[in-house]
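Letters A, B, C, D and E mark the chains as written, and numbering starts fresh at 1 in each.
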Amino acid sequence: MKAELGDIHAKNEKSPSSLSIMWRELVKDKLALGSLILLSLILIVVYGASLLLDQDEIVKVDLLDIYSPPSAEHWLGTDYGGRDIFGQLIIGARNSFTIGLAITLITGLIGLAVGLIAGYFGGVIDNIIMRIIDFILVLPFLMLVIVVVAIVPKYNIFTFILIMSAFLWTGKARLIRAKTLAERELDYVSASKTLGTPDWKIILFQILPNLSSIIIVNLTLNLAGNIGIESGLSYLGFGLPESTPSLGTLVSYAMNPDVLQSKWWVWLPASLLILVMMLCINFIGQALKRAADARQRLG
Amino acid sequence: MAFLKVNHLKVYYPVRGGFFRRIVDYVKAVDDISFELRQGETYGLVGESGCGKTTTGRTIIGLIKATAGEILLEGTDLTKLSRRQFYSYRKDIQMIFQDPYSSLNPRKRVLDIIAEPIRNFEKLSPQEEKRKVQYFIERVGLNPESIYKYPHEFSGGQRQRIGIARALTLNPKLIIADEPVSALDVSVQAQVLNFMKEIQKEFQLTYLFISHDLGIIRHMCDRIGIMYRGRFVEEGTSEEIFHHPQHIYTKRLLSAIPNADPRQRRQQFQLREEVEREYKQLYHRYFDDEGKVHPLKKISETHSVAIP
Amino acid sequence: MTGKPILEIDHLRVSFRIQDQYYAAVDDVSLTVNENEVVAIVGESGCGKSALALAVMGLHPPQKTKLEGSITFKGMNLLSLSTSQLNKIRGKDIGMIFQDPLTALNPLMTIGRQIEESMDYHTKLSSAEKRQRTLELLKRVGIPNPEKTYHRYPHELSGGMRQRVVIAIAIACEPSLIIADEPTTALDVTIQAQIMGLLKELQQQMKTGIILITHDLGVVAEMADRVAVMYAGEIVELADVETLFHHPLHPYTRSLLQSIPSAQTRKEKLHVIQGIVPSLQKMPRTGCRFQSRISWIDESKHEPNPILREVEPGHWVRCTCYQHFYFPHDHIGDVGYGIS
Amino acid sequence: MLKFILRRIMIMIPQLFLLSVLVFLLAKAMPGDALTGQLASNPKMDAQTLAEMKEKLGLNDPVHVQYMRWMKNLLHGDLGMSYIHQQPVNDLLAGRMWNTILLSAAILILTYMIAIPLGIISGRWTDSWADKLIVGYSYVSFATPLFIFALIMLFIFGFKLGWFPTGGSVDIQVEKGTFAYYVSKLNHLLLPALSGALINTVGTIQYLRSEIIDTKVKDFVKTARAKGVPESSIYWRHILRNSFLPIAAFLGYEITGLIGGSIFLESIFSYPGIGQLFLQSIMQRDYSVVTALVMISGLATLIGTLLSDIILSAVDPRIRIE
Amino acid sequence: ASNNKDNKNKQTAQKEDIGKFPMTVKNDGKIVDGVLKYGLVSDTPFEGTLSYAFYEGQPDAEILQFFDESLFRTNGDYEITNDGAATYKLSADKKTMTIKIKDNVKWHDGEPVKAEDLEYAYLVIGNKDYTGVRYGDALIQDIVGMDEYHSGKADKISGIKVIDDKTLTITWKHANPSVLTGIWAYPLPKHYLKDVPIKDLAKSDKIRKHPIGFGPFKVKKIVPGESVEFVRNDDYWAGKPNLKGVILKVVSPQVVLQALKKGEIDIAEFPTDQYLNAKGTKNLQFIGKVDLAYNYIGFKLGHWDAKKQENVMDNPKFQNKKLRQAMAYAINNKEVADRLYHGLRFPATTLIPPSFPSYHDKNEKGYTYDPEKAKKLLDEAGYKDVDGDGFREDPNGKKFTINFLSMSGGDIAEPLAKFYMQCWKNVGLNVQLVDGRLAEFNSFYDMVEKDDPKVDVFAAAWYTGTDVDPYGLYGRNVMFNYSRWVNEKNDELLEKGHSEQAFDKEYRKKIYNEWQELMNEEVPVIPTLYRSIIYAVNNRVKNFTVDPSSKLTWKDVGVTSEQPEVAQ
């Protein structure tokens, strides 16, 4: 006698347009909605302004203007090279967000492909893939990144994204594999098989749509983590070159105790921006997570 | 000639273990069973949980590879076919799944769900395809409008019928129904059972009906096979099984069915105790030293029992 | 045969909060359970059976649920007790058996510990005594090797064994009331038969009252003394078991009995109940709730505000429509379009 | 059990081998070597001597020869010589490793000491103000880079308040082996460990919280309630034990993270450990140290995952290791 | 906007002048028997190779100064004097030096420091099993018989003779005035080390854990990598040191100021980039001097022929002297020095820094910022903007791009490189960073040493050491002549600079003035900045000095109160 009860659950659990449920859930959660609006605003400002700003102009060294505190000319003051912090903040935010997004998407894509294949086919393929993933997980991530960064000759945003992605896809692959394994056991997959649908079609058109909500949630939450990802490396001196401003670079200026203590305008805005963006994305992610998980839904 | 003939089918699942995750043992899910289905009949497969019913069904339709034995569909051995060859036989065998919730992809519209096999096997224009889907959806008693809806908008019974419509689009000859109603509420269950009977006549279907509910088996099936630990203990017509059970295990199974008449309560309990006693006493006569079932022996034209 | 009442449920309403609104899943239910009596509650999925049982146990999450009415157990109103007061009753005076024996047991605790746990809080036995008693209990519910099983973990037992353990937990402190929520649904027929036998036996030995929740009318027929049929949160019919099976009155009860294929008799076609149970939020709150599913009966035949009436001594039926109910000729008439 | 561990170790061998090839190739691919830029700090040098030293260090041999030599030594447990430290890597690490192990262990312990109560509060009283506070904290520390946080901690607790020593691993003036020595060691450990733990703990808190929320509604919890088990015991006996399982499962990967984090902490707190050594060795192209450290941290992770599995099997009877 | 900037100019102009820094701490207090806490500023632990013959990292050298020392003291020109633990005498042909160790010079274990200890030091460094880097020293290789010993043909160095317990002579193949600044005079305690094979010396406990020397303090305890405890050497040859002991610990540059303020350390070499912030701290004094180093920008003019061991000047790109000069005129070093370094670095005028007061040519003005002159020179040389893109083309009218290699590290690296590039851009030169970014230390030197064709111009720095002779950096046959510039006149001057004649200081000065002039004229490298080194010292410290000409040593350093002063 489970049918009708299940029916009600099912209605919520796997609705056709998970997007619309997610949207509903977002709108219902004031915090998430606020976050979404704030984040969009930030992104519009950041991307809009970075089109207007001239990056070369911003990173231009002006020795007459070192560490000047906020003023009308430099809204957020300047750094030790006399470079405008506000401009760096905008461009940095754009770069950092782009990096975060790109890493999230690339790792998502790789993780998705690998996870789906491993999970769906199982057996030997799964075994091989899982061994590879295990191996990558064992690699001391930070150490190898540092080594790789030292090797790469032309080191820029693009290579940075690639390097990070090369290590970070494994977590997603594991997640998606696990979900695919579970999904594979469901009868609709068996049904498709008995109906003569080829495997690739089953993976792409049957299983994938059912993983979409979990993927979206995971990617969102990951995005939050990936925004500040280069700050640690910047601290160690393996971050992006300074001619490519990023939030992490700005934050890592704080390792100079003088800057940390008395030149707040250099690092604090970037830290706050990271925090705000992360919080926004996190709140949105949490709302999406609730949307994906019927039990926690607000309604 | 038998429409579907299963000969000495064995399906073993490997059990891995030891130092290198080698295969150390096998779960003998299906261990040498043979039976045949005739055109247009409903063959029931009953047994306790884990006795291998699902495995049998899924092996016949090709979801699981047989370890040994043959599955002859109108004379062709399905187990010997390559993937490509098997493809054309797909159409002849279809399946109705136990769980009407998980067997329909929640992200697909009814139209896409039912059209999936059509798209795989026939090249139809979208209009033709839609017409065909609508025909079947009407045949299973749903509103043709509903093809644009998603599964969650239907009740369990309706979903099960969508599943059936999907299976019917390919004009199958054999439908394997693995516990098609056990996930459904009593009232909905009746709908589906009635409906299955109805389309059987209409489409000349042969059913392999798997269930552990003897009430339903009795209601649906012409012939019944009782399974126990991957083997058959008894096979016969519905009449024979229910009224003249021969194997002690069959008797025990039957006696366990609750009697819907409260007045018979006492008798039922007594009967059960008796059978239980008998089962214990006669266990060694019906099972060999390893607790396995003996091979089937014909005791009449239609009735076979596993006795030494 | 049955004794004085131990549990009296009076005008109980259980409402769940969904999107800031409360919806009653159990609506105005009154029911009495006497000593040494098995009261069965049957009905389709979602009709509120479990909600009722959990209300008696006080297991509904307080933030999400509203409980109205009263549940009197041995003179105390359970609804007014605090959690710690409830804890003195739960497990000691009222035991509960859950449907799914795998999930109902803590996977990380040995069987023995799980059974002993309720004694920890309700008895003052020494650990040796508790162990002794646990082994007895295990033997009593028919577990072949209690000593060994004591140290086992749930996953090492089969479904039937686990359900026996769950029963052993429920009866550990010899409660005067046992609530069994679908105790055999997850089990095979043969094991179901064993468990039913066991329950019956224990009940007769201990003279407890049992609330038996099930959707299997066969089980009801074999086990119950009285039966309450629930539909959409309400009791629609209440009678002793023989009356219910042989003279059912409410259209829902009658339809239900008609739609079950039985191993004993064989019919060509089964009766089908039209439509589906409306969901909690869409449930009509006035009028006869079964009305939409027997559309061929004229609307005027239903009461505007149906109440549960005692039509014969001990036989209660809701709404007057039963007097006018008949089965339509076309049994599959339900295969109508649309979704409710 | 023993068999299981053996089997896991057998699996580890090819992984470590692969890791060794990878790290060796990477190390060799880095521009420069230990002798690059010698003169910048040492004005008295000439080209021949430099070439001679290169030859002596074997830097002129083909990569595979160097690898084989390195591998051979490795198999004998010899990690090679550190050029920069002019000391066998084994000796070098023996000193440093202990510090890092201590630091990591302290972080781990503190992490759990913080995460468990907070996670429990947060999971048990979801949506209470305490929960909101904890979730807020976890977001903030999620967004705060470890090195900034550590610096701030150092300024506040080390300098402003003066509660903790501000660098080093032990006070030089205490006699080794005395009680004061251990107190001093602990004292030096506390601030870096706390800084690490406060940031590191976030993941565990969130994990625990959602695990508890999940476990809370499981059927066996209902059973326990139906038994009349008081609320506190329900949490301790039933919910928490089950919620801890996934945390135990992550222990192995936690270790990798700790080694990464130690790079930051050690340099800020002048705490001589392998994290900082790694950074230094990379900068100075002290290959033998770099490769040794990567190998060791790979091994540590492997052992960590093995440990996870063993713990898991000890706690969870469903996972049986034969 | 320039107006605006001038305003700010005033606001932020906080210029220091290293010349005005005191070189010795001022403290009139009475010395008490106390322990000094010395901060070793480093963001990595020290390596702990505690021997002059073996150490490589600067931190180790800072530790060594407390317990071991050279046999000689030096004067303001870093030339050895006879005030130290030993006296010397040069033979008439200036090729042989007789060294006599004073009698009361004893190792920390009480054994006297003997002539054979110094010989032993040479035997170790010259040995083929030796693992350190000191053999690169040209003066060591120049000793008679060293080659034979190094290649294993001899088991003694024929040029080193132990005359008696306390006396030995060293004979060089060439007379070279650099012996006065560069002679290796760090004996090794033979009696203590002789049992350890030379190849194992560097890693032995005798050097790493229980090193001995004959300096003012003895090593009491070492916590590897982080701290060292020293106690007074009562038997110090120059008298009893004032301090009861010294505790040295590693302090990361990020917290050094805080540690100093709190009195956790008494003395530390202070990071110049934090000076502005630290200036005026009540409990500290800052002393400083010009460092023995300079920054420069080099042009790649050819390559190093490893077979012939000589530089070949074959890269045509910068052969035009005027182009090089123009680039030198184009850069504004004054601005860099004042703004980025607040005057703690200052524009370099020649390739011999003022820290060699006798040799630095004060009259040589070097290249001062003059963009107009730069443009004029470029015009003259034929580098004109013919296609009007704002950048000059080469004399053939082809695009002219300069690839600039600069090293990363430290905060200032990037703006500095950017600034130079902007300067060149201002005179119409198109300068691009190699690979579009700053190069990390190793890649930098890898490219520079291997004459990577990607590199046209590079910015680097040289630490000169105490030996003024620039041959090792600019000679025809030295690999470290990174610009690969060769010139007859240069060869001649450098040769003369370390000839026998050059023992005459005036002569040597004349030669080096000539050389400085030549280098400024030819500009194979543009000297850019001189650096300074400053120490932060707690007020309680007395007699601490950075003045090379001062007679004060660690023996004299004392404290005037038990506890350090704390900034409020």
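Here is the rule we go by: a contact is a pair of C-beta atoms (placed from the backbone, for glycine too) under 8 Å apart; a residue touches a chain by one contact, two chains touch by 3 or more.
As the structure is a prediction and not an experimental result, all values here were calculated from the model.
Common neighbours of chain B and chain D under the contact rule above are A, C.
Just to note, of A-B and D-E, the chains joined by more C-beta pairs in contact are D-E. Averaged Cα coordinates give chain B a centre that lies 89 Å from the centre of chain E. The geometric centre of chain C is 54 Å away from that of chain D, both derived from CA atoms.
Per-chain CA centroids place chain A at a distance of 24 Å from chain D. Chain centres here are Cα means. That of chain A falls 49 Å from that of chain C. Shared interface positions of chain A, defined as residues touching 2 or more other chains, are 1-4, 6-7, 150, 255, 257.
Residue positions 254-255, 258, 440, 442-443 of chain E each touch two or more of the other chains. Of all residues in chain C, those touching 2 or more other chains are 44-45, 215, 276, listed in ascending order. Within the complex formed with chain A, the residues of chain B that make contact are 58, 61-63, 87, 90-91, 93-95, 97-109, 116-117, 120-121, 150-153, 155-157, 163, 166, 170, 183-186, 188. On the chain B side of its complex with chain C, the touching residues are 48-49, 141-143, 145-146, 153-155, 157-158, 185-191, 193-195, 197-198, 212-220, 238, 242, 252-263, 265, 268-269, 272.
Here chain D touches chain C in the complex through residues 218-220, 222-231, 237-238, 241-242, 245, 315-318, going by the rule given at the top. Every residue of chain E that touches chain A in the complex is listed here, in rising order: 4-5, 8-9, 11-12, 254-255, 257-258, 273-274, 276-277, 335-336, 339-340, 408-409, 411-412, 414-416, 418-419, 422, 433, 435-438, 440, 442-443.
The part of chain D that touches chain A in the complex is made up of residues 15, 18-19, 22-23, 26-27, 29-31, 139-140, 142-148, 151-152, 155, 213, 217, 253, 256, 259-260, 263-264, 278-279, 282, 290, 293-294, 297-298, 301-302, 305.
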